[in-house]
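The following pair of complexes shares a single chain, subunit A, combined with subunit B in the former and subunit C in the latter.
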Partner chain A sequence: MIPLVKNEMIKMIKKKRFYVILLVLVVLVPMFAYAQLKVSMNSQEKYGDDWRRQVQQGITDNQNSLGSDRVPEEWKKYRKIYIQQMKYYLEHDINPQQTGGVSFTREFLNNAATLFIPLLIMGVGSDIVSSERTTGTVKMLLTRPIRRWKILLSKLITLLMFVSLIVVSAYVICYLISGLFFGYGGFNMPVLTGFVLNGAEVDISGVHAVPQWEYLLMQAGLIWFVSITVAMLAFMVSVLVRSTAASIVIMMAALIAGNILTNMASAWTSAKYLFMVNLGLTNYLAGSPAPIEGMTLGFSLMILAIWAVCSLFVSFLVFTKQDILN
Partner chain B sequence: MTANNRVVGEQQQTVLSVQHIKKKIGKKWIVQDVTFEVKAGEIFGFLGPNGAGKTTTIRMLVDLIRPTEGKIQICGYDVQKQPEQALAYVGSIVENPEVYTYLTGWENLEHFARMMPGVSTARIAEVVDTVRLGARIHDKVKTYSLGMRQRLGIAQALLGRPKLLIMDEPTNGLDPKGIKELRVFIRKLAEEGMAVFVSSHLLSEIQLLCDRVAIISQGRVLAVGTVEELIADGTNYVVWQLEPRAGGEALLIADGVRLVEDPDNVLDVAILAGMGDHAIVTIMSPDQIANQVSRLVKQGISVESVQKINPTLEQLFLEMTEGEGIE
Partner chain C sequence: MNSTSRIWTTTGLISGVSTVLLLCGFLYAVKDIMNPLGAPIFDEQTRQESVLPTPEIESVLDVTAIGDSLAKGTGDDTGNGYARRTVQILKERGDQSKLVNNLGINGLTTAKLIPLLDEKGVQYVLKQSGVILLSIGGNDLFQETEKFQSGGELPTEMELEKSVTEASENFKQIVKKLVDINPDAQLVYVSLYNPFADLEGIKEIGNKAVTHWNSLAMQTMSEYKRTLVVPTYDLFSNNGPLYLSGDHFHPNGEGYQSIAERIVQGLGKSVVE
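Presenting the complex of A and B:
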């Protein structure tokens, strides 16, 4: 098995796909960091060093909008939750908007977890099997005295290793680059977590502060889990679809559809069983409301796990049985 | 391995045995009933027009496609049930030699070497030498010409010292010199005891190269035998050019000579080229030619040319498949 994995690793590296992903990160992160820098410079101008005044202003603005009939009920729910969280921060004298390399990394990956990271994962996952079929090299692979499931397993192991590497690289690159803008500190800054949402109310009984590094670790674990699930789905599509382009389009459509559905905060509750709307695991950590009633961290983890296991099952079943006709 | 075979006293050991394989794809039977055997040290040709089921059959030999019915054994191992044992004896190039173009030739060979037991670096160097790719082996495959890729394909097939070498249309994309080299090379491999299975739609190639052939058309094997045997069964054709044509033709018919209605379907077009409509193609024994000539001359018919056509595989093939598309 080790020689097979070695083969796959060599191919993955020589295809230079991984370097492209690193390059994307290196190009994009400074853009976001610069935007963030502008935002904090603006509020600096407006509020000076008084972050309490800024948070208070945010609370007041949101409270005012609650009275308005023109604001949809859905939005009001979000705003109520936001107000409660901000109040909690004020009471505990913690600045939620404090900038720094570590805070930026946390915020960036929070936002990247549902679409950006999965897209990067697809970059390596979508063509891991289909490219062998597109180029015809699959014939060379499968005419060796090796069972097909072993060949597929070696590809899966390689994919999971690269997925882990991508998640780690995203953190490292993000931290290193944003540090240039905001400084490299902030590991011990307290971050609040443990908000439990009950409808429109926030249950703050479980809220506690954790050092930011610990928060980052928990966040990384969740992002890794999401990434693994997306990788396994991409892997299945890659086995089922012969063309790499088609396989990328299918996965991308699914991910974007998930993002749209999430934003619709849909009344269609059974959508919560779709994997795409369950990718926002980090939101549970930050205390943002779940897109659909009844979703919890445990629920989402389970749904993702079920999707991942099913796609593995399908991948192996199809790959070991199918006729290679082209 | 040749030495071993001699000790056992079985110089003609069966390496590949294909028994009544059939394949249905969708509702269509692509391969209807194919049976043949290939023995150690022989070059076996697999002939058929495009779409006859050649490639499907070859893919079944190397476990890329599962036969709907029938059994394939390589060195006594069932390809479907024991692929790990059976495929260890096979080197193959299915259609084009598709290798990883973003790797160098050497990296490609290393890649495939890791997938089979007991292939050392020395062995890789040895096959590189055999196919004479030494000068460019460390270049990326994308910079290779088709002929070089073809040779790299052969190199990877030879890595595991196979007992059976399967080549699908090996002459595709090679120039005449390359084809000749390949022929010499394959002959050498067979002399060393390897069984070589070659598919082609180019009959002249096969005739020059192969010891035995199977002719396949529309998913069925029409004939299996040595090239000599098959040709011996072929019909003897004699092509006449007579003046006046009509008179001569009438005389030949009167003497019971069979005329071929549609010669394009049974003869190589090259033979008839340049004769136009004047050619009269007949089926008759060559020893009757002298008699017929003197008869015709006596009747005042001038004989411009008489040509005896030696039967070829191509002719035989055209007869069997009744002029079905063939190049």
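Presenting the complex of A and C:
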């Protein structure tokens, strides 16, 4: 088994796919960091060092929009939650918008969790089987005296190892680059977590502060779980579809559809059983409302796990049974 | 060791460590979210202690606006309202001034303003202001008339009178709280005008209610030092079409500008000297 995994691993590295992903991160993160720097310079100009005034103005502005009839009820829910959270921060004299490399990393990964990271995962996952078909090397692989499921399993293990590598390197690259802009501090800054949402109300009885590095660890763990699910789905598509391009398109379409759905699906409640609506696990940590009412962390984890297990099942079933013609 | 083995050992090792780390993070996150009561850091005692620091006042002419839509500047196309316009005029004449915050909220009534003044963030802002511009009461009196504008019943004189007395009781509390929060600030109340001065039918009772309210407000304010009531009633009596915005209720940019000029006149020549 181990020689097989080793073989796959070497193939993955030699194909330079992983380096492309690192390159994408290295190119994109400075752009976001620069944009963020502009934003914080802007507010620095208006409010000086006094973040409390800035937070209070944010609360007032959101309270104003609550009274407006033009603002959809959905948005009002978000804003009510925002107001309560900001008041909580202010009451405890914790700056929620403190800039720093660590804070930037937290914010960036929070936003990247549902689309950007899954896209990177697809970059390695979507062609792991189909590329062997496109190039025809799959026949050489299968003529060896090894059971087919072992071959597929070795590919799966390699993929999962790269999922961990991608998530961790996203954090490392993001932190190293944003540190150039904002400084490398902020590991011990307290971050509040534990906001439980009941409809439009925020239950603050469970709110507690954790040091930011612990928060990052939890966030990374959740993103990792999401990434594994995405990887397994991409793996299945890669087994089912012959061409690499087609399998990438299929996965991308699903992910983007998920992003659109999360923004507008709250009326269609059964959409919550789709995997792509459940990718925002980090929202539960940050206390932002779930896209569809009734979704909890347990629910999302279960849905993702079911999708992952089913796609694994399908992958192995198809790969061991199918005829490899050309 | 050849190059492929080296790749295998390093990559395998790094990804193994990463996986263990991420798995720990995942389990920790699930435990923490599912069972958030695990470690409440803020018990009641620290909650009491965590008071916001008292801010420094930079200039005695630093302005905070608080109250209803007039304080916010609704109707002003530039979005400045009288708060920002006051600061502009002060700056133009050479004084050091800035807008600390604009805490105006559309539709705020006297009853809703009282709990707002207990919030720490609001108090923090008020404490660092040299000038507090208060505008409140309009919604207590005229909320009913919005219905009238859309074809509903006219408020009777009795009803308006009842709103005036109720709101003026709240107003006393508001002024007391504001003075308690920041006794050194110049508290400016921008009194009411009758937005329906050119509408027959409601003009008279509106005038009556507004004048009554304004005199009660003046009375309340005069009980404290460093208070100021800025009249706007006369500004809008004959200038409705000129000074009111499209909604026929809020001032437009020019209306706010003339209120701001009044405020600056009331503040007097440079306080700093």
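Following the convention adopted for this analysis, the second predicted complex is superposed on the first by the 325 of 326 C-alpha atoms of A that agree within 3 Å, B and C clash if a C-alpha of one lies under 4 Å from a C-alpha of the other, contacts with A are read in each partner's own complex, and residues count from 1 in each chain.
Following the convention adopted for this analysis, a contact is a pair of C-beta atoms (placed from the backbone, for glycine too) under 8 Å apart; a residue touches a chain by one contact, two chains touch by 3 or more.
Everything numeric here is computed off the predicted structure, so don't read it as measured data.
**Q** Following superposition onto subunit A, is the placement of subunit B relative to subunit C best described as a clash or a fit?
**A** fit
**Q** Which partner does A:221 reach: the first (subunit B), the second (subunit C), both, or neither?
**A** So A:221 only meets subunit C here.
**Q** Go through the superposed model and pick first if A:13 touches only subunit B, second if only subunit C, both, or neither.
**A** Touch status of A:13: second partner only.
**Q** Hey, is it subunit B or subunit C that touches more of subunit A?
**A** Counted on subunit A, the partner with more touching residues turns out to be C.
**Q** Which partner chains sit in contact with A:44 here, subunit B, subunit C, both or neither? Use first/second/both/neither.
**A** neither
**Q** Angle at subunit A between subunit B and subunit C: what is it in degrees to the nearest 10, using CA centres?
**A** Computed angle, apex subunit A: 160 degrees.
**Q** For A:243, using the defined touch cut-off, is the partner it touches subunit B, subunit C, both, or neither? Pick first, second, both or neither.
**A** neither
**Q** Return first, second, both or neither, reflecting whether A:284 touches subunit B, subunit C, both chains, or no partner chain.
**A** second
**Q** Tell me the contact category for A:196 with respect to subunit B and subunit C: first, second, both or neither.
**A** In the superposition, A:196 touches subunit C alone.
**Q** Quick one: is A:208 in contact with subunit B, with subunit C, with both, or with neither? Answer first, second, both or neither.
**A** second
**Q** Rounded to the nearest angstrom, what is the minimum C-alpha distance from subunit B to subunit C in the superposition?
**A** Here the least C-alpha separation of subunit B and subunit C stands at 9 Å.
**Q** Residues on subunit A in contact with subunit B in one complex and with subunit C in the other?
**A** On subunit A, the residues that contact subunit B in one structure and subunit C in the other are 6, 10.
**Q** Can you list the residues on subunit C that touch subunit A in the complex?
**A** Going by the criterion above, the answer is residues 4, 7-8, 11-12, 14-16, 18-19, 21-30, 32-34, 36-42, 47, 50-53, 55, 72, 100-107, 119-122, 124-125, 128.
**Q** Which stretch or stretches of subunit A touch subunit C in the complex?
**A** On the subunit A side, the touching residues are 6, 9-10, 13, 50, 52-53, 55-57, 59-60, 63-64, 67-68, 87, 90-93, 160-162, 164-165, 167-168, 190, 193-194, 196, 205-210, 214, 217-222, 224-225, 284-285, 297-298, 301.
**Q** So in the complex, which bits of subunit B are touching subunit A?
**A** Listed in rising order, the residues of subunit B that touch subunit A are 25, 59, 62-66, 83-88, 90, 92, 94-96, 98-103, 107, 111-112, 114-117, 156, 160.
**Q** Per the contact definition, I'd like the list of subunit A residues that touch subunit B in the complex.
**A** Against subunit B, subunit A makes touches at 3-4, 6-7, 10-11, 14-16, 135-137, 139-147, 321, 323-325.
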